[in-house]
Amino acid sequence: MQINQVNLVNPDTLPSLAELWLAGPVIEILIAALTVLLLDLFLKDEDKGALTWISVLGLATAGAMSLVLWPSGEGILFNSLRIDGFSLFFTNLLLAAAILTLLSSVHYLKETNIQKGEFHALILFSTFGMILMAMANDLILFFLALETMSIGVYVLTGMWHQRSAAGEAAMKYFLNGAFASGFLLYGIALIYGATGSTNLERIGDYLSQNPLQGNFLLITGAVLLLIGLAFKVAAVPFHFWAPDVYEGAPTPVTGFMAVAVKAAAFAGWIRIVMHQLSPLEDQLSFILWAIAILTMTVGNLLALTQSSVKRMLAYSSIAHAGYLLIGVIAGNDMGGSAVLFYMLVYTLMTLGAFGVLMALQQAGKDNDSYQAFAGIGFKHRFLALAMSIFMLSLAGFPPFGGFTGKFYLFRSAVESGHTVLSVIAVLNSVLSVAYYLRVIVMMYMQEGRGEAKPFRRSPYLYTAIAITALGILWLGVAPDFPLELSRISIASLR
Amino acid sequence: MESSAVMESSSLLRWILLVPLLGAVINMIFTSYRDRKTAGWLASIALAVSFGLSLWIWFGLSSGTVLNDTLFTWIESPPFKVKMSLLVDRLTLIMLLVITGVGLMIHIYSLGYMGKDEGGVRYFAYLNLFIFFMLLLVLADNLLLLFVGWEGVGLCSYLLIGFWYQDHTNTIAANKAFIVNRIGDVCFLLGLFLLFWELGLKGIWTLDFVELKSHVHLLSTGRITLITLLLFAGATGKSAQIPLFVWLPDAMQGPTPVSALIHAATMVTAGIYMTARLHFLFALAPATLAVIAVIGVLTALFAATIATAQNDIKRVLAYSTISQLGYMFLAVGVGAYSAAVFHLFTHAFFKACLFLSAGSVIHGLQGEQDMRKMGGLKSYFPKTYWTYLIAGLALSGAPLTAGFFSKDQILWQTFSHGSVLLWFVAWGTAGLTAFYMFRQFFMVFHGECKVNDHLRAHIHESPTVMTAPLMILALGSIVTGWLGLPEYLFGSAWDHWLEPVFGTQVNGHGGVLIEILLMLLTVGLAAGAIYLAYRAYSPPWVGGLPYRLALNKYYVDEVYDSLFVRPMTRLADWFAQIFDMAVVDRFVNGLAARVQASSFFWRRLQTGNVQHYLLYFLAGTLFVLGYYLF
Amino acid sequence: MNAELITFYILATLLIVSSLSVIFQRNPIYSALSLVAALFFVAVLFLTLQAPMLAILQILIYAGAIMVIFLFVIMLLNPDAREPRRFLWWGFGSLAAGILALELIALVIPRGAKVWSGGGAVGPDFGSPKKLAESLFTDFMLPFEVASVLLLVALIGIVVLAKREA
Amino acid sequence: MTESFPGILTLLLGIPLLGAVVMGFIPRNSKGSLFGCALFFTVLDLLWSLNILSRFNSTLGEMQFVERVAWIPSYGVEYFIGIDGLSLFLILLTTLLGPIAILASWSIEEKVKEFLLFMLILQTSMLGTLLALDLFLFYVFWEAMLIPMYFIIGVWGGPRRIYAALKFVIYTMSGSLIMLIGIIALVTTASQLNQTTSFDLLRLYDLRLSFEQQMWLFLAFSLSFAIKVPLFPFHTWLPDAHVEAPTAGSVILAGVMLKMGTYGFLRFAIPLFPDAARAAAPFISTLAVIGVVYGALVAMMQSDLKKLVAYSSVSHLGLVMLGLFALNLQGVQGAVYQMINHGLSTAALFLAVGMIYERRHSRMIADFGGLWKVIPLFSVIFLVITLSSIGLPGLNGFVGEFLILLGAFKNMTPWAVVAASGIVLAAIYMLWMYRRVFFGPISPENQTLKDVGTREIVVLVPILVLIVFMGIYPKPILNRISPSVEKIIARMERPTTLSRQTLEERRTAEKEGARHAN
Amino acid sequence: MLSLNYYLALSALIFAIGVMGVIIRRNLIIIMMSIELMLNAVNLAFVALARSHGSMDGQTIVVFVMAVAAAEAVVGLAIVITVFRQRQTLDPQEMQLLKG
């Protein structure tokens, strides 16, 4: 009887085929994920290499579809998804991150006995969640997508059974994540309470039509939402999970977390906080400001004295979240596009760096201390060169993408009058130079203690590293095209 | 250099300069391929050419003509512009002849003196280089080019003092000479800057002597006083006056011909030359002139007293040089430029002769310089003895010698200038001069021979190549004086010769009678002093406090050491060892360390306990919410 | 005081007490049972808010399904019930939580701003399964689908995590 | 007079880079051909720069051989390079020192290929810094310089190389990043005033900023440049870097890199913010003069030859700074001239010290003495360099020092007087060092040292020739410098900035305009 | 009809109790139950707000929250089981391999 009643719903309100077609890229990822899951059951162990190809193919197809299919500025499926340049940008960014992660993890998985089928499927599902986060035009959809992504990543973190740190990391991540989800959800509830809707556009309408001064319900909601997002990007003081989890997780997952999760969260940050909640800018700016400064300072300060490169990269990713927040604070279009551009650069730099860490992995164990890098500079030139590029780019040296990105971020901050913020960021950059260069010191200026055995030659991994390194160079030397892309993407939000 | 002087261009001038430079360069480049003898002859010939050219000019230069040779623009930074340009007037010509003439003698002498030294080639290269810079100094037509020569001769002096570089005392002396000179040079530069900009304020942008001369009257007296004082401070360095004289005695560490050429005849007189060259400027600053006169006479007295107590044959002569330079500055101070230059001229001869004679003795004694270990050498050095005597007499102002006329003129000018006190001190100093000179003479050539037996067997008179220049210089020590006879005799050819440069010197009050009286007083004093020296080879006050003071050079070196050198090195040491590391660098490194320490500190928050993390999370939330509550 | 309010107070007290009991029980099983009680009281509160369908779901899903898993895991692991209690830490925790409650209440209870006043009129079928379904399959169709993916992911997750090594 | 894009300056930049690419194809173990390749390309670059010199129009103060291509249009960034009298000779200095430094590194046996690659990249980035007329481009090159230098010090340096390299990079970077904010703020302000975003230096010159803005921006820029110079008290990275760097590194560092700081002041900080520069002149001059005296005093007490030379650089560059902030033709021209002088003489000193080090494996002054006896030719060369460094008239150092002091004396007499004492102090420490190394009795372990070989003579002679030539005939150089300097001076003397009030008015008007547009 | 404020206050209180449980308890399972409490508090708020707005959205959302809660609970418990297998404890404070 219930079912009949549902059927009574006016068919016109049901999504048309065209709309579903527009959702094709997202669905395509799901299809790929399910295919992988199914095939995993039937394939013999030695044939499981095919899974990588299927996943990559699926992701690439999704990307291609998105490029071909997506027009600009449409809301589909009851206006809960928005298809615009911004979605397009993040979709492809996230797909690229996923592809690179999969490519670089091929040998890692083999060495560590992590179940290949599930790993691929989970990466795909998480990517699906992330893309929805970037596209979501509805807070509840956003929350669900975020949970899809999170649960996928919790599991990925804990997948490596032999390593007890992985279980611990998963536990920490999960507890923190669930805790933060609670706050996020509470924030959504309050916003819903204040505005009567979870749809971003309707919230936007409400904000533009009603006085905001003293509307504490709304502000509290926004703040709690902010905290939830801050947790996801590992902003201080909601960052404590990050170093432990990044260190404990399998390296490919760490890279994926550091990049894709952060990117998706920033997508939400831009679409929700920067764009739809922009009328609240005055109320939120101080909090954002404080969080940004704390984030970069704490991230850089604590990265300084780490002895594990992996953990250093974890702190460095915290610091970078702080830099990215500068763009959010700037609040103008330039700030938004700076975040997008920097996100792109950051993705390449960080994935590349974690890729090199994976290459150093030995005999099923992570080999991520600074010592592991000692003396590889003139023995394994390609890896060392790539790592140098990543480190220099992370530190913000020209002519690498990291510099261009930072430049753009600072520029947006100065333009919007936040010169002090950018000065603090710059001082932080100086701090960061110390620990990034320490890796280079290890590689080129110190002798290895005979630990560095011949690394596994993994064509996939090396390809991924080469792609990221070249990408960084490209973004540093000829950034015009991606800059223009990021600018168009941000403009499409309006 | 009257304003009416005719300017003539002559490209001859540059060759006077370039030939010695060429000699120096050739010798320098081929140091290792050339034997000493060829090098020496090459150097001497180069100088001879310069000398010849100078003579040529001397014969050709008519009264009131100034020769000019412009090579190229050197430094240009509008409105500042300085040319590489040479100028010869009569003053320059005198200097040219002194430098090339006396220089030639000393070169020839060096052939014998340095003939066996292994660094002979280098020596002659340096010597020629020195001549080049000295000629540049006197030929320069502007103040900056003069300064180039000024510093250049300092360099050569440095190189030559430290010629025997393997001995630390030599090179320390060389450094001292250069650095003390530099202090003066800096003052000189500052004076030059001041002059340039002050004139610039009046719209005149120049450092050319000719143009300066016609424009300096635009400046205020106060400014000129400051400028001239600074320039004079430069001169005290180069010409070894109080307070910067300390380097000259030490400079005697160089080879003796070098002492003769650089530290007696030419370089040290650069200060005199400079003031004479800029007499139009100094003339406008009576206060400066007074300072110069006082410093000059004090230096003369001071150095002379020290000379009476010294036992090193060359040091006596060195202090004597300082003292004589003091006389010259006294002359400058009382406005008697012509007399100053005249004394410079005669002094070049007899002091060079003295030094070379002393060198001859040292050479014969295989390097012994302590007069207490000499004595009775008359028979061993028959020629040197006589040249030494003649030059010594000239220095002491014995009648009819060169020194007699030139020194007398200074004394008379001082007196007639109205400064009786200055005259009196200068007069007394003349007595001291005769005393120390003949104390030295008697200690070296008379009395009992204290040379040890081993050495005595090898004592020999110097070869002709050394004694011939001695004799020529000795001759010069007598006849050059006759160029400047007093008014009451035949009048001074010298003053007439220099009239185009300095104008007519007006020597006012007094009169012939007083002049002759004063002259007699001087001669008498000198004679008495010589007698005293003959009686007691050492001063009667040996052992007394004044003697000890004089023997130890009034502890000036020590005083400077504790006043300037040691505080500075201590300060430098403190800067280098403590301040730079413990303050400046510590600040930088300390900051880094502080950051690192705080990194370790804050890392402790990351306990690994997940519930701590959650509490921090909560605390963050509470703060954020609290911000909106309050 | 009307009846509604009294009911509310009673339910609230019960809910708070059972919630506190969840976190203060030493034995996880008692905690779990307290949680069931708490969930039940929430369901009753749902009823007072005209959400009958949700109340049913609450009891079915939460008390029925989720809590069973909890109890199952507790039995499976049979953890040592003795848990060290550190009072300083408890003090911190309770203080912080107390402040949180105060801050939330202070912020959420609107001070003077009359954005809305509770209790608008609603239709009689408000909260009915039909209404819920309508909402679920129109405006929230995509979230619904995503929720299914979410559950699938969770499924894969537990398989991956809990399966023992071969 | 804009040239078409790959013009002669681009070629100048490109030749070393091309060399680096070509070198990529040379096998790692053939040291000879690696060096040959590096030398070929650096010498080619030198010849090309001489070609530029010959085509340079000495009467113009404007930029010449300008090339301008859009690079990142969305930033408003252009590839905009050009050359004028200020940069011309620094460029020649760079191209000259390039092959010399490479030739001087012959003794490097390990990792030759990488070393030469870094040298070539360094060359390009230094040239780029000097050529760039776009602030962004400038900054890119400015920072890019650090990387190869970091490697050169860190990999091929002495025992404390890591510390030194890290200190060098971090110290320099902390300054330059502040400058980055300065650049951004400047461009942002400019774009608010002009409605277009451009990093074009020449257009930014015409910007009229309020005094307060100028002051802040000047501060940001000067901090970066002051660290690079290095101005007292930001100098402590220098001795460490110099001591630890290999010879070629020291040569480039002292010869070219330090000039980037002073060049930065001259090209950017002073003309962009003339009022602030004028107001800050006493302060900066004070630091400069302290640097002159302090550097000299500290140098005096050093027992390590390289450290001594390093501190002498502090002293010398203090003088250059004084000249720059004399803000008159003589001072600035002298400063530019002195930059080149210092580049030559200090580079030569480091080369010479490197040569001794190769022979004796020590840089301690105390280990030497009486070297003249065994290596007279080397001693003479060293003497000439020493004399150039202490500013003996007739050698290059004098011309620069003289002009600087002359200029400084006019505008800031007391500073000039104190700085003049630096001349005395320079003589003291240099000659003292010279005496202790080359004079005195010789110790047995120094008996067997070899005099300079052909390669070393080839390395040193060009510098010596220039030292003498520039001392005697500076006119062709000064003539080419002065029009550009005059332009800067003229810029300093243009009517001062708009009053703040007008500026505020203008800004509010713009804001309103923007609001209406929305 | 009661004022919304009562429900919101109650929700906040329960949320805080949940938070408190998460922080102070040293048993992973109880911590997870506390998280469930937090989510229920939010649910309560949603339903109350839905009622006051008169819109069904809030109630629908609660359905999703339940789904999320279920998913989190199972995954969380799976993680707890893994960790327990490795460490034989449920005390999060004894899991401090990763720190600094």
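Labels A, B, C, D and E are assigned to the chains in the order they are written; within every chain, residues are numbered from 1.
Quick note on the criterion: contacts are C-beta pairs under 8 Å (C-beta built on N, C-alpha and C of every residue); 3 or more make two chains touch, one makes a residue touch a chain.
In this text, all values refer to a predicted model and were calculated from it rather than measured experimentally.
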{"item": "Chains touching both chain A and chain B, listed by label", "value": "C, D, E"}
{"item": "Shared interface partners, meaning chains that touch chain A and chain C", "value": "B, E"}
{"item": "Least hop count linking chain B to chain C through chains in contact", "value": "1"}
{"item": "Chain of greatest Cα-centre distance to chain C", "value": "B"}
{"item": "Two chains sharing the most contacts, counting C-beta pairs only", "value": "C-E"}
{"item": "Farthest-lying chain, centroid of Cα atoms versus that of chain E", "value": "B"}
{"item": "Chain closest to the middle [Cα centroid of all protein chains]", "value": "D"}
{"item": "Whole-Å separation of chain centres (CA-atom averages), chain C against chain E", "value": "7"}
{"item": "Inter-chain centre distance, chain C versus chain D - centres from mean C-alpha coordinates, in Å", "value": "69"}
{"item": "Centroid spacing, where centroids are CA-atom means, of chain B and chain D in whole angstrom", "value": "38"}
{"item": "Chain A-chain E separation of Cα centroids, rounded to whole Å", "value": "25"}
{"item": "Per-residue overlap in chain D, given as positions that touch at least 2 other chains", "value": "170"}
{"item": "Touching two or more other chains - residues of chain B", "value": "592, 603, 606, 608, 610-611, 614-615, 618-619, 621, 625, 628"}
{"item": "Residues of chain C touching at least two other chains", "value": "89, 92-93, 96-97, 100, 104, 107-108, 110, 134, 139-140, 143, 147, 150, 153-154, 157, 161"}
{"item": "Touching chain combinations (by label order)", "value": "A-B, A-C, A-D, A-E, B-C, B-D, B-E, C-E"}
{"item": "Complex interface listing, chain B residues touching chain E", "value": "603, 606-611, 614-615, 618"}
{"item": "Contact footprint of chain C on chain B as seen in their complex", "value": "611, 615, 618-619, 621-622, 625-626, 628-629"}
{"item": "List of chain A residues in touch with chain C within their complex", "value": "2, 5-6, 9, 13, 15, 30, 37, 77-78, 80-81, 115, 118, 121-122, 125-126, 128-129, 132, 138, 140-141, 144-145, 147-148, 151-152, 154-155, 158-159, 161, 170, 190, 194, 199, 210, 214-220"}
{"item": "Footprint of chain B on chain A - complex, ascending", "value": "171-172, 175-176, 179-180, 183, 216, 219-220, 223-224, 226-227, 231, 236-238, 240-241, 243-244, 283, 286-287, 298, 301-302, 304-305, 431, 434"}
{"item": "List of chain B residues in touch with chain D within their complex", "value": "28, 31-32, 72-78, 80, 84, 144, 147-148, 150-152, 155, 158, 162, 165-168, 170-172, 174-175, 178-179, 182-183, 185-186, 189-190, 193-194, 196-197, 200, 568-569, 571-573, 575-577, 580, 584-585, 587-588, 592"}
